[in-house]
Amino acid sequence: MTDAILFWFLALVTVCAGLSVILMSNPIYSALSLAMTMVGVSALFVTLGAYFIAGVQLIVYAGAVMVLFVMVLMLFDLKHEIQAFTRGKITGAIKIASVGILAGLVVGAITLGTKAIEAAKATEAVAGKTYDNNTMSLAQNLFLQNVFGFEALGVLLLVIAVGTVALSRSRGGTHARD
Amino acid sequence: MMNMGTTPFEITINVIKTILVFLMMVQLVPILVWVERRGSAFIQNRFGPNRIGPLGLLQLLADAVKFLTKEDFVPDKGNKYLFYAAPIFALIPASIAYMAIPMSTPLIVGDSKFLIQGFEVNVGIVFILGVSSLAAYTILMAGWGSGSKFALMGAMRAAAQIVSYELALGLSIVGVIMTYGTFNLSDMIAAQQGALTFTGFGSTFTAHFLPNWGIFYQPLGALIFFASAFAESNRLPFDLAEGEAELVAGFHTEYGGFKMLMFFIGEYGHMMIASGLFATFFLGGYNIPYTTVQGVHDWLMTTFGLSVDGANIANTVVHFLMYNVKFLILLWIFIHVRWTLPRFRYDQLMDLGWKTMLPWALANTILTSIVIFAASQFAF
Amino acid sequence: MPETNILTTIGLEHYLVLSAVLFSMGMAGVLLRRNLIVLLMSIELMLNAVNISFVAFSKFNNNIEGQIMVFFVMTIAAAEAAVGLALAVSIFKRFKEVNIRFFEHLKG
Amino acid sequence: MPLGGIIFITLFIGVFGVILIYLARWTGGRAKRTSAAKMEIYECGIPEQEKKDTKISVKFYLTAILFILFDIEIIFMYPWAVGFREFIHSGAGPFVFGSMIIFLAIFIFGLWWEIKSKALEWD
Amino acid sequence: MSHQALIAILLLSPFVGFLLNGLRYRSQNYVLAGSIATGAVFVSFICSVMLMMDLIAAPADQRRLTANFFEWIAVGGFKVNAGFVVDQISSIMILIITGVGSLIHLFSIGYMHHDKGVTKYFAYLNLFVFNMLILVLGDSLLTMFVGWEGVGLCSYLLIGFWFSDAAKAAAGMKAFITNRVGDAAFIIGMFILFFSFGTLNMYELNALAPTTVEASWLGAATLGTLMLFIGATGKSAQVPLYVWLPDAMAGPTPVSALIHAATMVTAGVYMIVRLNPMFVAAPNTMMIVAIVGAITAVMAATIGLTQYDIKKILAYSTVSQLGYMFLAVGVGAFGAGMMHLMTHAFFKALMFLGSGSVIHAMEGEQDTRLMGGLKKYLPITHFTFLMGWLAIIGFPLFSGFFSKDEILWQSFASPRGSVFLWVAGAIGATLTAFYMTRLMALTFWGKSRVPKEVHPHESPVIMTIPLIVLAILSVVGGFIGVPHLIGEYLGHIPNYWAEWLAPVIKTLPEAAAPHTATQEWALMTTSVTLALISAFVAYRIYTSGKGTNEAIAKAFGPVYNVVNNKYFVDEAYFGGIINPLVKQSQNLWMYIDVNFIDKTTHVISDMTKGAGSLARSFQTGNMQQYAMYIGLGVVVVLTFVLMR
C-alpha cells in the first residue's frame, strides 16, 4: 500500500514537472522543472531498489548536467523568450497528434506486452540471480562482463573533454578567423 | 512509509525523530554564530557581543527579533518566485544530507530499534554527495532571482567553485570506500572500533597505542577531504563567492532579514555535514577511541549494574556525547581557520582545486588501490 | 489469476506507462519548442524516461544488466549535453541566437 | 531506503520555510515603496547602471562541462572501489585492477591535457 | 614468462614507443625521443633473445611457439586469427630486426639530433619495427600482408621524411606506387591460394602443398606462388620493379640501413622461405625466381659500377645482393638464402651506417668525387667500413664469404641449378668486388678531394658503437653456418645453420646430381680469385687517380652511357608504360567516356536529381520537422507491429 502511494505521488511529481519543462515559456523555469523531474526519477529508482543508480542519477543528472544547463541559460541571459513554441497550426497539430498517437500506441503495446511477459514467466521461472547486494552485483557485471564498454566510455569522455575545450576556443562557426 | 518502521508507534517516533534532528540543526546555527563572533573577537583581541545576557548569549535572541522585524524586500529587477524560493531550497539539501549521518549507536529498547539519525541510507555516501550537490541550484536561483550583477557573478563563482571542489571531494572518498568496502556509514563506523589493526601481507599488525581510525589509513585522503569540504561550504579561505571587495556579499547581496538567516542555516548546515562526515570517515564516528560498542555496553552493565535496556540507553547517550565532542571540535576548527587564514585569489582557488587537489586525490586513489592489491597478493 | 487493483498493486506496466508518458512529453518538447537549449533538455527528459523503463525491467526480470545500461545511458547523455551546450554556446557567442529555426541557414 | 521519511521531511522543511517567510513578512511588513531608488538592486550606492550585457566569462561554463566529464569518471570508480576487496577475494583482482589502471590512465591523460592546453587557466 | 606474453611484449613494445613519440611529435628533445624508441626496440630484442632461448631449449621437432590473441576475421569458412608464431625462420628474422634495429635506432640518435622532426622520425621508425614484426610473425598470409602494407607505409613516410624537398617527396611516392603494383599481385596470389587450398594460414598451406611437383604453368601452386613472387619483386626491389630502391635513398641514411638494406626489402625472401614447400612444388616459379635473381644481381651490379653517390652505390649493391638471395631460394637453397639475408643485414647495415657517418662528417655531402682520403679523418668509420667491404666481396672467412659461396655452389650443384646461374653469380661477385673497392678507394683512400670549407670529423661515440658492433658481427657472423667442406679444415665446426633450419625446409624432390669436393673447391677458388683480382684492379685504377669519369667513359664508350643511365629503365617505364597509359586514358576519356558513358550517366543522374529534388522538399534544415518524420515513422512501425 505504501508502495502504491509512493509510486503515484512520484509519478504525479515527475509528470507535472515534465509538463512544466515543455510548457514553461521561461527556459530557466524549464530547467529547474527538469531538475525536479530528475530528482523524482531518482526517487523512482529507489522504489525499484536501484539505490546506487538513484544516487548516481542525483549526482550526475541533477547535480551536474542540470547545473550546467542552468549556468548556460544564465550565461545567455534570456529572460523572456519572444516565442516559445513553433509557429504553424497544421504542423503543430500533426506534431501533437503524432505524439499523442505514439503515447497511445506505446501504452497499448505495454499492456499487451506485459501480459505476454507474465505468461512467459508463468511457464519458465526466471533464473533467480540474487538482487540484494545491489552495488556489488552491479560492480561485478560492470567490471567483469562489460569492461570493454567501461573503457570505451572512458575514452569517449576524454574525447569530449578535448572536443569541448576546442569548441570553446573557436570563436563560433566553422570559419573561426573570418 | 517505506522502512520508517513497522508499527504505528515506530513510525510516529521516527517521524518525530527526523523533525527533532532538523530542529537540532536549526538550533545549532545561532549558537555557532555566537561562537563565531565571540571566538573571532578573542582571536582578534576584541570583546565581541557581551552586553546582552551572560557572555552575550542573549544576543542571539535579539538578533532573531531584529530579523523578524525587518521589512520584506524584493528588488524590482528580480524574479520574485526564484527570489523567495531560493532560501527555502537552501534549507532542504543541507538538512536532508545531514540526517543520513549516524550520531550514536542504535537505541534498542525491547523489540524496537531506533537509529540515532534521521534515517539510514544504505548507499550513504552516494546519497549525501548527490543531495548536497543540489545546493548549487540554491545559489544559482538566488543569484539569478536577485537580478543584480553582483549577485549573479557571485552565484557563478560560487557554483563553479563548488563544482570544482566536488571533484576532489568525490575522489578523496574513493580511497575511503576502498578501505572499508562499503557505502554504508554505519558499517564504516563499525569498522573503526578498537585499536589500530592492519591486516595484509599475510599477517596482522596491531598498534595498541592508536585508535582504529580511518585517518591512519587515509591520511592524504583526509587532508584533501577536509580542504575540499572548506571549499564546498564556501568558507574562508575559499569564500570567493562573497569577496566583499569585489562582489559585496555574493549571491545573497539583495537578501536581508529572515531569508538571509535561512541562507545562513544552509551554509552552516554544509559545515555540519562536512564535520559529521569527516568524523565518520576518519575519526571513528561515534566510537569512543580504543573501545568497541559492545565493550562499552558490557562495561556499563557490570560497573553500574544496569539492565540490558538501561545499558543500551546509557550506551547510546555516551556515544552520542562522544560524537558531539568530535563534531564540535571539528566545527571549532572550521571557525578557527576562517579567522586565521587569508583569502585566496580566484585563479589560485581554481588552480588549487584542479591542479593540486585533484591530482593528489588521484594519487591517493591509486596508492590505496595498489596497497590493497599488494597486501592481498603478497605475503611476508 | 486473481484480479489485482491497478491502484494498489504496482507492477512493471505502471513504470512502463509512466516512462512512455514522460518520453512522449520529451518528444513533444523536441517537436514544439523553439529554444535550442530547451530542446536539449527535452532530449534529456526522453533519456530519463527510457532509464526508468530500463531499471523497471532490471527489477522485474531480476537482471542487473538493465542498471548497467542506465549507467551507460547517463554517461552518454552527459556527454551529449556537454557537446550540445558547447555548440550552443559557441553559436550564441557568434550570432546571439538560440532559436532552432535559425540553424536552418547554417552552412558548412 | 527510507524514501517515505525523506519525502516527508523534505515537504516538512519546505512548509517550515514557507511559514517562516510568511511569518517574517507578517511581523516585518512588506517593504514600503518610499522611493524608486529603494527598490533598485544594490550597486554600491551609485545609481544603477543599465544592465545591457552582463559579461560572464565562458570559463565558468567550461569549468562546469569539464566537471561533468570528470565527475562521471569518478562515479565510475565508486562501484569499483566498493567491490575491490570482493573482487580480490573472488580471484578477479588482477583483471579488475588492470582495467581500472587503464581507465585511470585515460583519466590522467585527460587531466594532463586539460592542464597543458591551459583550459583551466584563470587569469 | 609465458611465450604468449613474450610475443605480446615483443610486438607491443615498439607500438607503445610509436604512441609515446607520436603523441608528442612536435618535441625536439632528441635524447628523450631516441631513448624511448631505442628502449622500445631493445625491449623487443630482449624478448626475441628469450624466445630464441626457449626455442633452442625445445626439442628440434617442437620448435614452434604460437600466440593466438583473438579471432580477427570470421566470414563463413574464412577464418583468420590474430595469430603469431615464432619458429626457426621467424626467430632469426626477429633477432635481426630487433637487434640490428636497436643498433640503428642508437645510431639515429646521433645522426638525427639536428633535425627538427626528430620525434616524428623515431615514431615512424618504431612503427616500422612494429609492422615488420607483424609481417614476420604473422601466421597467415593475411596477417603478413597487414605488416607488408604497414612497412610499405612506413617506408613511404620515411623516404619522404624531408617532404618539403619535392624530389624526396616524389621518391617516396615512387616507392609507394611501385610497391602497389607488387601488392596487387600479392593479393591476387592470396586469392588463388585461398581459392585452391581454402586457407591462408601458412602452416596449413605448407601442409596442403602438392606432394608431386607441378609441371604445368597453370597449376594452383605455380600461379599462386608466381603472383606472390611478383609481390616480392616489388617489396624486395627485383627486376623489373627495382627502380624505387635507388630513389629511396632520399630518406635519412639510418632509414636506408634499416628498411632498405637490412629488413624490409628482405621480406620477399622471407616470404618465399616461409612458404618453401609451396614453392618447391612449383618448379616453374622457382626457375623464374632464380632467373630474375640472377639478372638482378648482374644488372644492378653493373649500374653500381658507374654511380658516384655513395648511397646510390650501396643501394644498387643492395639490389644486387637481394638478387643473390632470390637466386638462392630459386634454386632451392633456402638455408643459404636466409644465411645471406642475415649476413647481408649485418654488413649492409654496417656500410649504410658507415656511409651515414661519412655523410655526417662531410656535412651532408654524398658525392664520392668530393671525398677521398677520409681514412685519416674517420679512423673508426674507415676500419669498420673495411670489415664490411671484406665481408661483401667475399674475402675468405668473413661472413659474406660463407653465405655467398654457399649460394654460388648451390646455384651450380642444386638439382634446379645450372652452370649459367653460376656464371651469372660469379660475374656478379666479380663486379661486386669491383664497385665496392671503387667505393672504398674513392671515399677513404687516395688523395683528398674534400672542398676546403668542409672539415671532416669522426662521429660521436653513440654513432660509432653501432658501427663497431656491426663490424664484429660482419666478421664473425658467418661462422654460424660454415659449409661442411670448409668446416672440415677448421676443426670440424658443425653447420649449425643448416641443422637449425632443417625441420622447416623442404628438400627438393629431384635427386641431386653427384658432385665432388674437388668441383666445389675449384668453383670456390675461381670465384674468390676473380673477386680478388677485380678488387685489386679497382684499387689500382681508383687510388692512382686515373679513374676519372671521362677516362672510363671514353674507354667503354656507349656501354658506359647505357649503364650510367641505368639501362634507361626509368625512361623505358615512362616511354613504354606510363606515357602511353596516360595517352590511352585520354583517348578513352575523349571518345568512349564523353560519348557513351557520360550520356548514360547523365540520364541516370537526371533521374537521381529528380528524385533528389523531391526529397529535398523534405530536407528543410528544420530539425524539428526531421524529428517529426522520425516520430511518424515510429508511429507507423508500431501500428504495423500491433495490428499484425
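A, B, C, D and E are the chain letters, set down in written order, and residue numbers restart from 1 in every chain.
FYI, a residue touches a chain if its C-beta (ideal position, glycine included) is under 8 Å from a C-beta of that chain, and two chains touch if they have at least 3 such contacts.
All values derive from a computational prediction rather than experimental measurement.
K.L.:
Check every other chain and keep only those touching both chain A and chain C; list them.
P.N.:
A chain counts here if it touches both chain A and chain C, which gives D, E.
K.L.:
Show me the overlap between the contact partners of chain B and those of chain D.
P.N.:
Per touch definition, common to chain B and chain D: A.
K.L.:
Farthest from chain D in C-alpha centre terms, which chain would that be?
P.N.:
Greatest centre separation from chain D goes to chain E.
K.L.:
Taking contacts as defined above, which has more of them, C-E or A-D?
P.N.:
The comparison resolves to A-D.
K.L.:
Would you mind checking which chain's C-alpha centre is most distant from the centre of chain A?
P.N.:
Farthest by centroid: E.
K.L.:
From the mean C-alpha coordinate of chain A to that of chain B, what's the distance rounded to whole Å?
P.N.:
Centre-to-centre distance between chain A and chain B: 30 Å.
K.L.:
If you average the Cα atoms of chain A and of chain E to get two centres, how far apart are those centres in Å?
P.N.:
Averaging C-alpha atoms per chain gives centres 58 Å apart.
K.L.:
If you average the CA atoms of chain D and of chain E, how far apart do the two points sit, in angstrom?
P.N.:
60
K.L.:
Do you know which chain E residues sit against two or more other chains?
P.N.:
In chain E, residues 624, 628, 631 touch at least two other chains, as defined above.
K.L.:
Give me the residues of chain D that touch two or more other chains.
P.N.:
Within chain D, the residues that touch at least two other chains are 1, 3-4, 6, 54, 56, 58, 60-61, 64-65, 67-72, 75, 78, 82-83, 86, 100, 107, 114.
K.L.:
So which bits of chain A are touching at least two other chains?
P.N.:
Residues 2-3, 6, 47, 51-52, 54, 56-57, 59-60, 63-65, 67-68, 71-72, 74-75, 86, 95, 98-99, 102, 106, 135, 138, 142, 153, 157, 160, 164, 168 of chain A touch two or more partner chains.
K.L.:
Dump the list of chain pairs that touch, please.
P.N.:
According to the stated criterion, the contacting chain pairs are A-B, A-C, A-D, A-E, B-D, C-D, C-E.
K.L.:
Name, in rising order, each residue of chain A that touches chain C in their complex.
P.N.:
Those in contact with chain C are residues 1, 3-4, 7-8, 11, 14-15, 18-19, 21-22, 27, 30-31, 34, 37-38, 41, 44-45, 47-50, 52-53, 56-57, 60-61, 64-65, 68-69, 72-73, 75-76, 78, 81, 83-86, 92, 95-96, 98-100, 102-103, 106-107, 110-111, 114, 117, 126-129, 131, 134, 137-138, 141-142, 146, 149, 153, 156-157, 160, 163-164, 167-168, 170-174.
K.L.:
Which chain A residues qualify as touching chain B in the complex?
P.N.:
2-3, 6, 28, 32, 35, 39, 42, 47, 51-52, 54-59, 62-64, 66-67, 70-71, 74, 135
K.L.:
Taking the complex as given, what residues does chain A use to touch chain D?
P.N.:
2, 6, 9, 43, 46-47, 51-52, 54, 56, 59-60, 63-65, 67-68, 71-72, 74-75, 77, 135-136, 138-140, 142-144, 147, 150-151, 153-155, 157-158, 160-162, 164-165, 168
K.L.:
Going by the contact rule at the top, pick out the chain B residues touching chain A in the complex.
P.N.:
1-2, 82, 121-123, 126-127, 129-131, 133-134, 136-137, 140-141, 143-144, 152, 155-156, 159, 163, 166, 170, 183
K.L.:
Which chain B residues qualify as touching chain D in the complex?
P.N.:
1-4, 14-15, 18-19, 22, 67-78, 84, 87-88, 91-92, 95-96, 99, 118-123, 126-127, 146-153, 156-157, 159-160, 163-164, 166-167, 170-171, 174-175, 177-178, 181-183, 248, 253-254, 257-259, 262, 346-347, 350-351, 354-355, 358-359, 362, 365-366, 369, 372-373, 376-377
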